Every structure is written in structure tokens, then in C-alpha cells.
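What follows is a set of notes on a single structure, which appears directly below.
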Amino acid sequence: MKKFINKVDDILLESLSGFSAAHADLVSLHFDPAFIVRHNKASNKVAIISGGGSGHEPLHAGYIGYGMLDAACPGHVFTSPTPDQMLAAAEAVHANQGILFIVKNYAGDVMNFEMAAEMLAFDNATVYTSDDCAVINSTYTTGRRGVAGTVIVEKCVGSLAESGANLQACKALGDKVNQRTSSIGVALTSCTVPAAGRPTFDIGNTEIEMGVGIHGEPGRKREQMREADAIMIDCVDAILADFKVKNLPLEKANEALLLINGFGATPLMELYLIYNIAAKLFKQHGINIARSLVGNYTTALDMAGASVTLCMLDDEIKQHWDSPVHTAALRWGC
Amino acid sequence: MKKFINKVDDILLESLSGFSAAHADLVSLHFDPAFIVRHNKASNKVAIISGGGSGHEPLHAGYIGYGMLDAACPGHVFTSPTPDQMLAAAEAVHANQGILFIVKNYAGDVMNFEMAAEMLAFDNATVYTSDDCAVINSTYTTGRRGVAGTVIVEKCVGSLAESGANLQACKALGDKVNQRTSSIGVALTSCTVPAAGRPTFDIGNTEIEMGVGIHGEPGRKREQMREADAIMIDCVDAILADFKVKNLPLEKANEALLLINGFGATPLMELYLIYNIAAKLFKQHGINIARSLVGNYTTALDMAGASVTLCMLDDEIKQHWDSPVHTAALRWGC
Amino acid sequence: MKTAFIILASQKIQREILAHEHTLESLDRAIGDGDHYINMKRGAQTITEMAADLAPLQPDAVLNKIGLKLLSTIGGASGPLLASFFISMGKSLQNNNASTLNIAEAFAAGVLAIRQRGKADLGEKTMLDVLIPVSNQFLLLTQQGRDTSHICRSLIATAELGMLATKDLIASKGRAAGLGERAIGHIDPGAKSCQLIITTVCNLILNDE
Amino acid sequence: MKTAFIILASQKIQREILAHEHTLESLDRAIGDGDHYINMKRGAQTITEMAADLAPLQPDAVLNKIGLKLLSTIGGASGPLLASFFISMGKSLQNNNASTLNIAEAFAAGVLAIRQRGKADLGEKTMLDVLIPVSNQFLLLTQQGRDTSHICRSLIATAELGMLATKDLIASKGRAAGLGERAIGHIDPGAKSCQLIITTVCNLILNDE
């Protein structure tokens, strides 16, 4: 394991310190418990708080700022944060309209946020993101994983909250965006958790892990490496099949947002290449890519690979996607 | 070599097609010869054109747009583009005020842009970027390499051109920013040129290449991996030594822009961690980090590693860095 | 159950976890995200560091404090589950003299808290596949009036069986739930660490006698 | 020099470059950026594909066309340098009957164009370390009236010596200029490919006789 680190135990706080120093105009960092909050919060809006294990940067701290999150609670690498972090963050950012938590649907995150929500003195609600369709709907799963689609949920909910909507409306939009979003990931290499010091999984020189999770969890199956076209056909098919299961209508006029997300070690050149393929394939299925995002938005440490996320737009989602946002990792319109 | 590609020969055009499709609101792509131009160019301004070998994405096409470049000419991976590309791009974007080329100082780029400039019918000038201080000033070098500092030059010159300044003024600002900027890179792994199919250099599990170039060129020396603090001390010292050689004044009040640039496979978490260290070290030397940029801005395909770039600001540079920009990879203020 | 015993046990548990770094890490790498060892190590360390603060307290308060501390230290799935276990166990011991039966009931209360928090049951390939049989056996043997060493030996065996049984299961809770058939053949990391903890505590009692 | 010969030579050169993939690639990986083989291969392929277009033209026009095509095909450092070589060589052959001396002079003009474009000279660890000695020797032997086969054998030897000599040099031009002492021990890739090309052409003439 070769990484830019000092001591393994200090990675998180040193990295967060760098983040908050580099974006001192946007955020400030609190320690013990650790959370990051936005400057210049409105005094009367639903506060949006997310969080989760670290190692997915820029998720979540990179999305703190105008039009998106009010606070983020970073856990240790790939480990959910603890309820005291959520409570402290809520205390710091609540603005008289309640708290909306956005939580990726993993047992650990769900339970820790749930306990925080139970202890919280303010009105609150939670949106669980579960866009990963790698785990085929089946009897033996508690739920799907939340992956890169979380960024779209955070963007849209953040925009709605900024407009002054109430807690229920924010939760409803979050649930809707999540429902209309499906993702699937492919790993070319494993990530290496710094504290573990070696790759999470072994993978051969000609193998890929189809449906990998953003923590390097195994996916649908181990397959042979193929050309990008063939890999993208499988990804697009998985998403379209998921849309069927979800009963999302696929009509000619349908507009979608296509997010090609790098896992951390895959260059932009390759991400644009698969964007090109995926966009064409969706088009062949009557889906128009009306909005795009290509880059490292929900990573898995140093894993090589990428995920494809499709979100079926409607006027409301489009409006909240397009609205101004000013965070470290997403910025437009201001 | 595991990459998201179809045929090696098609990578470049497929990736460019994806780029231009994902950013169809900003740019359009031309083939034969290949170049990318900005939409909505002003009718009366210096046209700014850059280009170079591919594999450094988002450099240069990611910086096309309002307040930055008018066109970019992408060469094959790590290979300078050819003069016909520059000529066609110039023809497409010239706006009656001449053409300014921004060229990274490599023999290939210099010669190809030079030949284009000689053949060009319009007024033109060229800024050569040479911020890499890895190559210690010595008798046996034609010149220093242009690396991540090029982004700062392109941003500032683009801003000035947008304001209506003339060709000489744009060239002068570009030269000034380049002169006030120094960079040094460290590789943890090699990149793999797709057509070559194997790593450009061998590097042991506990080795780093200090002063590596953005094409995986060997740098100052092969060293043992150390903790991030120790690596950053060497990087910061190299930059400060270079500033001495360049005779740049280092006074207490000095404000600088610190760019921590990932080479493609190094996660944001580590980049922020080294940002934190570098910013503190510069501060100890009396340099205030007034502006920051952390991320993958000038990459070397899938190389793990990062570079540190410091640009000494003055009011003019600061103003042009802060001014609105709307490109695929840098956007603020609009 | 004395406070001193809890503190001593926590030290033994920490040692045991550290000694099983490779096992715990490998198991979670195989069907999870690879951090279970780190999470357990972090939890164990925090508790042993609290020894001086815990020493003057009654056992029920000690367990409560341990639970709250784990809640803000471990994170992940195991954090809130283990925290709930200790908090509920402490609560159950509040107004009694901590007889063996009280302890067995408190243990059952702890396990129930885990079931509720995790919305999981036996056979889902989690730590509950160790904890539920152990809890049942503990209650049964105590009600039957078996002696401590018999109980301990039996619980060690039960924990081992439960832990091993997770190997052949498909997971329906936790991170491995996505794996389907691919989870088969791997022991659940949380089940392994619970088995380790139970075995350590039982051995400590056995050696004490 | 006939157009048919140039076309035949370009095919042989292409084959030779393809046959030396490993060598050319390794050399540029060691002290450059690893693309020299790919650049040369791309250049060679474009030229052989032009055969039908070139066939009806005079040699000077052929060389000019090759140069222009290389200019827009190769890129990198070798592109404009080789392009300048062919364009200048073509220009030099424009108004003469392409005697051996004319060819030697044209070769010298081509090399001069490379020196000017690259602002480089002998001893800087570039292709010029092959081209300059070969050009000088070519002129000398032609002026001495040596026969073609003697000239060819001599130029093959000179090219080989020049190529090998780059091994011990520090680079002061091109991508390897940054390496200082670390460039020592590696043959310059551009020197190697020029040596290959010269050797191929000379061998073709020798076998023809």
C-alpha cells in the first residue's frame, strides 16, 4: 500500500483539515465529534444533513454549501459515523424548520442515523438512498445500497430546501429522486482500506467485478474483462431492467440525467469514453440524456472502475438539478 | 492493462466524443483534423488556443469556455498535436484580435505549435509554460517542462482576453503567471499508455519517483516511500528553492495560490491531506495561501501521485483567477 | 458479576481481538468491506482505556457506560448493535443483585435489543447466529441450575457452533445481504467476533474457579 | 532515386519498425514518454497507404508529400523533425537529376532542417547523433567517388556507431533533457529509429545490386 499519509489513525482528521482549509470560504470543521458545517446558512429552512463512512470523497463534505447540504458527518474509512456526530451537527445547523437526514442504505448507516434521529430534539425525517441495482431484487436482502445516485438526491433536496419548502416536501422529493434513480458499478481493481493495508479483494489481471459496491463489496459476479462497449451494454441493461422492476415508465419523450462516476483511480479520459457509449445505448432505448455529470463524485478510495447512474427527470427534478449550487465539488449558476 | 476502452486506436476520438456530448452546451468537436471549440465566442477578442498530447484530462479541453480557452487541439496520448489542428482551430475561433497559443514547453509541442504559428495568417503569439522545477536548472536542459501550472496560466490569460485586452497584454500576463509559478510532482505508480499496454516505468512497492513528469518521465530521483509530511517538505523546499533561482521575492505579505493536483489515480482524500501539510509548510515560510485548488486538473493517465504548484499572486493575477469562468472542469461566478 | 471482572474481561477481550486481526479482517474483506477488525479494535481499546473511570461504578452503570461509549466510538453496523446490547444489559441489571439468572436475563435483554435495532433474527448470517443460541442456552442451563463451569463450557461450544453455522448461510441482513449465493462458504465476521468475546469471558470465569 | 524505390523503401521501413516494436518502445519508456514506437508506426503506416497517390509523382514531389503528410500525422517531437527532413530533401531535389551527389546534398539539406527546427546539434543525445555523421560521411564518400555499395556499407556502420554513441551521452534536447546523469546508459529512441531507417534503405540498395 502506497498512499500519501502519515499515520493511518490520523488520515481522516488530516484530510478533513485540508478540506476545510482549502474551502474555508464555504465550510468549517468541528472536532470531537467530527462534523463539517456550511457557512452562511439561512436562518429559516430545513437543514439537510448527510454523512457516512469516509473514502467516498467528495461525498459528502464536498457537497456542503449553498443549494445542497448544511452539514456532513464523516465516519472512519468505510465505517458509518456515530449518532453523537449527527446530534452535534443538527445542533449546529438547525434553522427552525427541522432536519432532513440523507442516508445511504447500509445497515450501519441506517442504525446510527436512526439512533440519532430517536435522540434528536428537533423535527426530523430521513431519506434513505438505495439506487444500486447491482443487488438483484430478491428475498434475501434487506435493501439496496445507496451509491452515486445519492449525489443527485442531495442536489435536488438541497435546492428545494433552499427555496423554503418544508420538511415533508423535502423528504418527498428525496424519496422521489431516489425512486427514479438506478446505478450499477464495475470494478477493475480493488480499493485498499488504509488501516487494513492491503486490497479488500483479489482480482485477476483480466477480471472485473460487475456490480461492485462503493466499499469494494462483491457485486453480481466476477467476469472476464471485455471491451468497454460490452461492459456498458450490461450496465445499461441492468439499469433498464431495474426500471422495469421499479415500474418506471420508459417513453420516447423521457429525459434523463446520466452520471458516469469514477471510483477514484479511473482517468477522466476513460469516463468520457464510457459516457459516450452509455449515452448512445440509452438513446437506443428511447431515453434522451438531457443532463450529464462525468467525474469522481462518489468514490471508493483508490479503486479503479466506474458506475453508471441514470435518473429519470421530470420538470421538478430538472428544475432542482439546474438551480444554483455552490459547494466544493459541484458548482454552477453562482 | 485494464482500462475502459474498445480499440486502442479509437480511444481518443471516442473519449472526445463523450466529452463533447456531455458538454454540448459548452463546446463542439471537429474531426479531421481534431479540435474542440467553444460555443458563444465573443466576436472581438484575442482567441486563446491550447493543446497538447492527450492523457492529461481535463487539460486542455476541460478548460474551454467563457473566461478561459477558445479552442483546444488534442494530440494522441502523450503526443503533441500536429500543426494542421492548430491552423484549423485558429481558423474556427479567430475573432479579429489575433491568436494566443498556450503551449507546454516540450520539444514536440514547441515545434508543432511553432510550425503552425509560422504558417498562420493571423497575428499570433505564444506563451510557453515551464513551471516544473523538478528538472534542476542546469546546463544540460533546453528548458523546463510545463505541468499543472498551465491551468493557472490558461485561467488568467482567458480572463484577461475576455475583458478585451490585446494580444501583447495577454501574452505578457501569461508569461508573468508562468514566471511566478513553480510545480513539482511525485509518482507512487507509473501510468500505462494504452497503446503501449504496459507501465511506462517500473517502480517498487516502497519507492516513489520524485520530480516525475506528467508523461511519466523520470524525475529528480527514485526515493524510498516516506510519510506524507516528509514528502511534502521536499516538494515545498524544491519550490522555494526554485523561487530563489527565479528571484521571486518572498515576503511576509505574500499571497499565493496553492494547487494540489492529482495525477489520475490518487483519491481526493489523500490530495486534501497533502494540501493540509503543504499549506502549513508554506505558511511557515511566510507564504499565505490565499487561493486553493485541489483535485485532478492535469493528470498523467492512471498514474498515482500528485503535484504541488505554487503561484505567487499579485492583484492582477488574483483578479483574473477570481473572475467568472464557465468550463467543463473549472466553473465559478456564473 | 463484579465491576473488576468486567474490566478484566475487557482487557482479555482486547487481547483476543488483537490476536485475531487476520481472521476478523479477512472475513469482512471476503463478504463485507474489510473494516470489522478495525472497528472492534477501536471499540475494545476505548473500553480498556476507561478502566479507571469504570472502577468505582456498579456493574449495571459500567455496562451502560460501555454501551454509550461504544455507540460513539465504533460506528458501522457493529457499533449501534453492540452499544444497544450493553445499554440494555445494564438496564436489566439495574435493580437486582446480579445473580447468574439475572445475568442470563440481562444477556437475553441485550440480545433482544440487537434483534430490534438490527431488525434481524436467527439464520440471517449475522452476529445473532451466535448470540441467540448462546442466550437461549444460557437461560436454559441457568434455569436448570447447572453450575457455572458447566454453563461456561456449554456456551463456548454453543458459540462455536453458531459461528460455524454462519458459513453455510446466505446473508439476508448486513453488508453481505447483496451477495446471494456468493456469501456461502464464509463465516460472518460479526458472528466470529461475538464468539471470540463469549469464549474469552467464559474462559476467564473457568480459569478463575 | 526513383519514386518506385521510395515506395518500396517505405514498405521495408514500415516492416522494420514493426519488427522493432519492443526496442523502440522500451527505449522511449526508459528516457522519454513511451510513445516513440507508436509515433513511428503511425507515420510509417500513413506513408505506405499513400503508395498509389505517390506512384505517378516525381521523387522530389514524393518526398515533399511524405513530409507534409508526416507533419499532420506523427505529432510529438519526431513528427515536425522528420517532416522538415523530407520537405527540405524534396526541395533540394527539385531542379536536378537526382544523382548520388544530389541525393547526398539533399540528405544534408534535410538534416540541416532538423537541426534548425530542433535547435540541436551533435552530442545532444538525439536522432542527430545518427543523422549528422551519416550525412557527413555520405557527402564525403560521394565526393570521393566511392561506389554505391561501399557508401551503403559505410553508412550502415556510421549509423550504428552514432546510435550506439547516444548511450553514453547526457541529453540536452528533447524529453530526456530533464534526466541529467540518469539518461546515461540508454540509447536515444529517435537515434535508434533513424539508424533503423538508414540501415533499411542501404540494405535495400545493396540487395538490389
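Letters A, B, C and D mark the chains in the order given here, with residues in each chain numbered from 1 onward.
In the analysis below, contacts are C-beta pairs under 8 Å (C-beta built on N, C-alpha and C of every residue); 3 or more make two chains touch, one makes a residue touch a chain.
It should be emphasised that the depicted structure is a prediction, and the values quoted were computed from it without experimental measurement.
**Student:** In terms of touching chains, how many steps apart are subunit A and subunit D, taking the shortest path?
**Tutor:** Shortest path length, in steps: 2.
**Student:** Please name the chain that ends up farthest from subunit D once chain centres are defined by their CA atoms averaged.
**Tutor:** Most remote chain from subunit D, centroid-wise, comes out as C.
**Student:** With chain centres defined as C-alpha means, what is the inter-centre distance between subunit A and subunit B in Å?
**Tutor:** Comparing mean C-alpha positions, subunit B is 29 Å from subunit A.
**Student:** So the centre of each chain is just the mean of its C-alpha atoms; given that, what is the distance between subunit A and subunit C in Å?
**Tutor:** 32
**Student:** Taking each chain's centre as the mean position of its Cα atoms, how many Å separate subunit B from subunit C?
**Tutor:** Distance between chain centres: 54 Å.
**Student:** For subunit C and subunit D, what's the span in angstrom between their mean Cα positions?
**Tutor:** Comparing mean C-alpha positions, subunit D is 75 Å from subunit C.
**Student:** Give me the residue numbers in subunit B that touch at least two other chains, ranges are fine.
**Tutor:** none
**Student:** Two-or-more-chain contact residues of subunit C, please, as numbers and ranges.
**Tutor:** none
**Student:** Specify the contact topology among the chains shown, as one of line, ring, star, complete or other.
**Tutor:** Contact map by chain: line.
**Student:** So, with touch as defined above, which chain pairs make the list?
**Tutor:** Touching chain pairs, listed by label, are A-B, A-C, B-D.
**Student:** Can you list the subunit A residues touching subunit C in their complex?
**Tutor:** 33, 53, 75-84, 106-108, 111-112, 114-115, 134-136, 138-145, 193, 195-196, 200-201, 213, 215-219, 221
**Student:** Inside the complex, what are the residues of subunit D that reach subunit B?
**Tutor:** 25, 29-35, 37-39, 42, 71-81, 117-119, 170-175, 177-180, 182
**Student:** Note which residues of subunit A are touching subunit B in the complex, please.
**Tutor:** By the definition above, subunit A touches subunit B via 2-7, 11, 14-19, 21-23, 54-55, 57-58, 62, 188-189, 205-206, 208, 225, 227-229, 231, 260, 264-277, 279, 289, 292-294, 296, 299, 301-302, 304, 306, 331-334.
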